[in-house]
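Please go over the structures that come below.
Next come two complexes built around subunit A: one with subunit B, the other with subunit C.
After this line comes the complex of A and B, so read on.
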């Protein structure tokens, strides 16, 4: 299979670079911001162990094809992503899981239909990836709030409007 | 500018402005080490460094109160207020350098030098060849190679100067606008009690907090409130054990203290603008960080010049500064394998200058 050759052929750094690029495209957050959460490696490991090396390789290869086809044109990238990844029965649910994991820090067990058709082994159950993945969820900067119980903003800071990044 | 022994109120103003600069100069090195630790690791070391950094913020505010009390103008925005690391401390000690580096035994060793105890009454100044990296002023125009041995001795000179000037001027020395004094309504939960300075007694109380929290009292390791001095707090990290009451310097007998020197981002030492020549998000973030740090110092200056209420929103600024620093440290340095980025504590003006240089 050509797809899992991607994993075999590439170094860990290459795999991480493609995973980071995929994550940036799926979440709309920059590579700098995603690296800044410290969660790239744990999320890569989580996704890979949830779907297995073969399917993980297919996902990265499909995204590499999206990048090739769109050649830095955002509209073309959006179309290709929907066609080759999000609407794919095997890869789409994984991509949606990845989005959720980045925003809330939780890996959700893949849907029953997906498991029936594609699961190779034991399913990774729904779980919070780590205490840090909760506080680093992209949900919080998206709404301009702090994760409750963590990352305090300073006493009384709630009297001011949320500090939402618009760029 | 040359610092000379304090003979006039103007001399005192200069010394207290240097005190502001000195207290601030320790903060970026402490914060860099603190933020370089991986999240959820090194709880003991995190607490030790955080407590000291917060106490330096208290000292900065106390120095501003002292300067305001005697009619001075605190200024955290003046050119060169923030040192270019690595540097020597602004009070003139030049036998060691201070830098913004990852948490490591070497970094803690430099923190010990920052906080080293005074050697005794006869050693306020040491004669050493003056270094070109000395940020600040000689002690005396006629004694070119004279420096303070430690921060404690620098403050002892301020204490003596205050005392001498008080004998000359009486309460008229404390002519500053009392509305500029930062009190507990605007500074709280930050390393100890803030002291409003309005007379000789309150000035002495403020001075006592600054010098005792740093190096201990008269050779002891604890201060009057029973708090461990900074020097010994840091030393615990190297010795792997907490001090407890009754302990002698160098021999802590409290609980063991776990330090994981490896759970640290391998950040570039003494990050400066020349490290970030490659255009991109990382460079933008580092420049934005430096600019917002400059904004923050401008806000503190405003707070210290009659708007103490600005310290409340400044707390939220500090949390944002911390968050952006952490993000930067988790990003790899482009082209430098195995090394992560680190923030630059500088300011707006320097960002402008440096953009020209690196463009």
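After this line comes the complex of A and C, so read on.
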């Protein structure tokens, strides 16, 4: 099997590198930015435990295939990601969950349809991965704001237009 | 700072005053009386082990980790002293009370208002708007033929409003707050300058100021005004005749770098992370310096006893050691005067559970809250929504005028937190974009900005007049973990309020038209609070401004307390808080109930300090 034993063959560092690359593509934030949140490891662990080693390996292998096929061509990458991951009945919901987790720190329970067809063990319920995951959500910097209840921007910061990063 | 005493000591002490509840009204009464030499015991049903930053931070961490970030999500579930939580509210089926949450919803309308049972009470989660009522709000019956008049007026309360503004640390500028009859003494300044309006406010004001809207025979000219807030800002050196004002920082036994100016955490509710916002622990911690306040937390006042002379003889308590176990001990507490400051629902619940419905039968009746109609739209430009405190400005121009003889008044808040209240934004927006929008990466980032940073939400806070049928009762079928009777709510909205709901929707359409904003307002018939009126459906949300359940009046026949909030039936019993208010107008209730608390403290002090045996002064 081509997808196979990616987890078995590769080192933890390899796995983390592919996971990080997938996360960067899905969120639109750079790998450095994602590493800076301190959430790569907790999100990797959460995803892996939610879907099991086999499916997690399939996800990373599929993304590795996307990267191989598209060879740095953004349009090709987009097409391949949609074809191999986002529209895949097994992998798509996990990828979408990853985006949500990066943006607001919450792991959402996978859809019922997914659970019926693909779940191996007990399902992870909707939960905030950790208090820090909440405060590190990417949604807030995306809109030039702070997570409610944390990282206040300072007295009077709300007077001017928001500082929205574009890259 | 020694806070807790043991129950054995409290039981063997005859206090001057026993205060039930440690929220803003109880804290003000306690501090005020202790500073005049009286010995005060405060009992709080909820937890709050110590007045420390560590305790406070526990709430913050719980909030960060909560999936549903509702307005009580920072506070632990406590079956021994439960509190209403808005996610518990369900759409009712006619004739079927819902007991899902602590508050039994008896209908016909659902109400999602809450309060908080921890040390410091609901000021822990309040938003911090600190507005005076209009003078005309005190004269609803005589001026508009609606509701009730107060036995006192704005001028009677004005000096106490100033005390309340000092205690709560209000940031506002007199010029912004002088409208529709509100007056201040010459030269008055608020403790701190007004908080700066948000960028969103500026955009709204630019296009709305000067818009004329007709309400019945009243022409209302819109002016976006900054809102008075109990939140630390820039101290005003001209305050108090040039003495200035020192903001009250975070409650802690150690010096901490918190409690300074508002940082714009957009999270006043359910918890200000930096204690820029007032909470009653600030008042309690200062009061404790007198050495004359004892506090017992996790101590539930379970029954009020009346002696043969009609006076309160003692109050039974239940003290529990852990929120996860119903194990508890019981005893009785005694004082010369008793103050119930447990909030309008709990005050009424305790009296009714004690078999004390009042000689007028009005305990628990005339329950009021503000009815909130939320309307929301997308602005044509990026407005930087989701920054600042939750609201920095509003529209005061639908609060006053002759139209109030026809329908209720309304006050509009501009919400810096966008559609979060009506739709669950920004979470729901994110889920839709990801799950249905099929966007990811940089496209997702652009769409998130487009969707969230242009959000405008206007909340219309609509007056409700006292109706005896809106009430809290108790029912032996419904008890909590310690066997205490739970509150049962019967609630509906009169035509007077519903006509203002319709008017509010019309006004919001006009305002959105003027702004070129795309109206996104939708009311789901399956949502709790859905009500049809004159052919259109609305979802009415609660305002957490419970009031009226021990209504104030000038006669024992038609009211529960007198103008000092003293029970007509029991001379040594005071029922304090917004439960005493005969009208709520269109002001958030906290500043007014704080002013009333100061007035009542003066009265209790004058009663007690005339006793020759008492030592007065520190």
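Heads up, the rule we're going with is that the second predicted complex is superposed on the first by the 164 of 167 C-alpha atoms of A that agree within 3 Å, B and C clash if a C-alpha of one lies under 4 Å from a C-alpha of the other, contacts with A are read in each partner's own complex, and residues count from 1 in each chain.
To be clear about the criterion, a contact is a pair of C-beta atoms (placed from the backbone, for glycine too) under 8 Å apart; a residue touches a chain by one contact, two chains touch by 3 or more.
Since the model is a prediction, treat every value here as computed from it, not as a measurement.
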{"item": "Overlay on subunit A: subunit C relative to subunit B, clash or fit", "value": "fit"}
{"item": "First, second, both or neither for A:131, with subunit B first and subunit C second", "value": "both"}
{"item": "Touching partner for A:76 - first (subunit B), second (subunit C), both, neither", "value": "neither"}
{"item": "Which superposed partner A:139 touches (first subunit B, second subunit C, both, neither)", "value": "second"}
{"item": "First, second, both or neither for A:45, with subunit B first and subunit C second", "value": "neither"}
{"item": "From subunit A, separation angle of subunit B and subunit C (C-alpha centres, steps of 10 degrees)", "value": "70"}
{"item": "Subunit B or subunit C, by number of subunit A residues touched", "value": "C"}
{"item": "Which of subunit B and subunit C A:152 touches, first, second, both or neither", "value": "both"}
{"item": "Subunit B versus subunit C as contact partner of A:160, first or second or both or neither", "value": "both"}
{"item": "First (subunit B), second (subunit C), both or neither touched by A:37", "value": "first"}
{"item": "Partner chain(s) touched by A:27 [first = subunit B, second = subunit C, both, neither]", "value": "second"}
{"item": "Where subunit B and subunit C come nearest after superposition, their Cα distance in Å", "value": "5"}
{"item": "Subunit A residues contacted in one complex by subunit B, in the other by subunit C", "value": "130-132, 135, 151-157, 160"}
{"item": "Subunit C residues within the subunit A interface of the complex", "value": "60-61, 63-67, 69, 196-199, 202, 233, 261-267, 271, 273-274, 382, 384-389, 392, 416-417, 426-427, 430-431, 434-435, 438, 440-445, 448-449, 452-453"}
{"item": "Partner subunit B, residues of subunit A touching it in the complex", "value": "30-33, 35-38, 130-132, 135, 151-157, 160, 163"}
{"item": "Subunit B - residues contacting subunit A, complex", "value": "38-40, 189, 280-282, 284-285, 312-313, 315-316, 318-320, 323, 326-328, 330-332"}
{"item": "Complex contact set, residues of subunit A against subunit C", "value": "25-29, 81, 86, 95-96, 99-100, 103-104, 106, 108, 126-128, 130-132, 134-135, 139-140, 142-146, 148-162, 164, 167"}
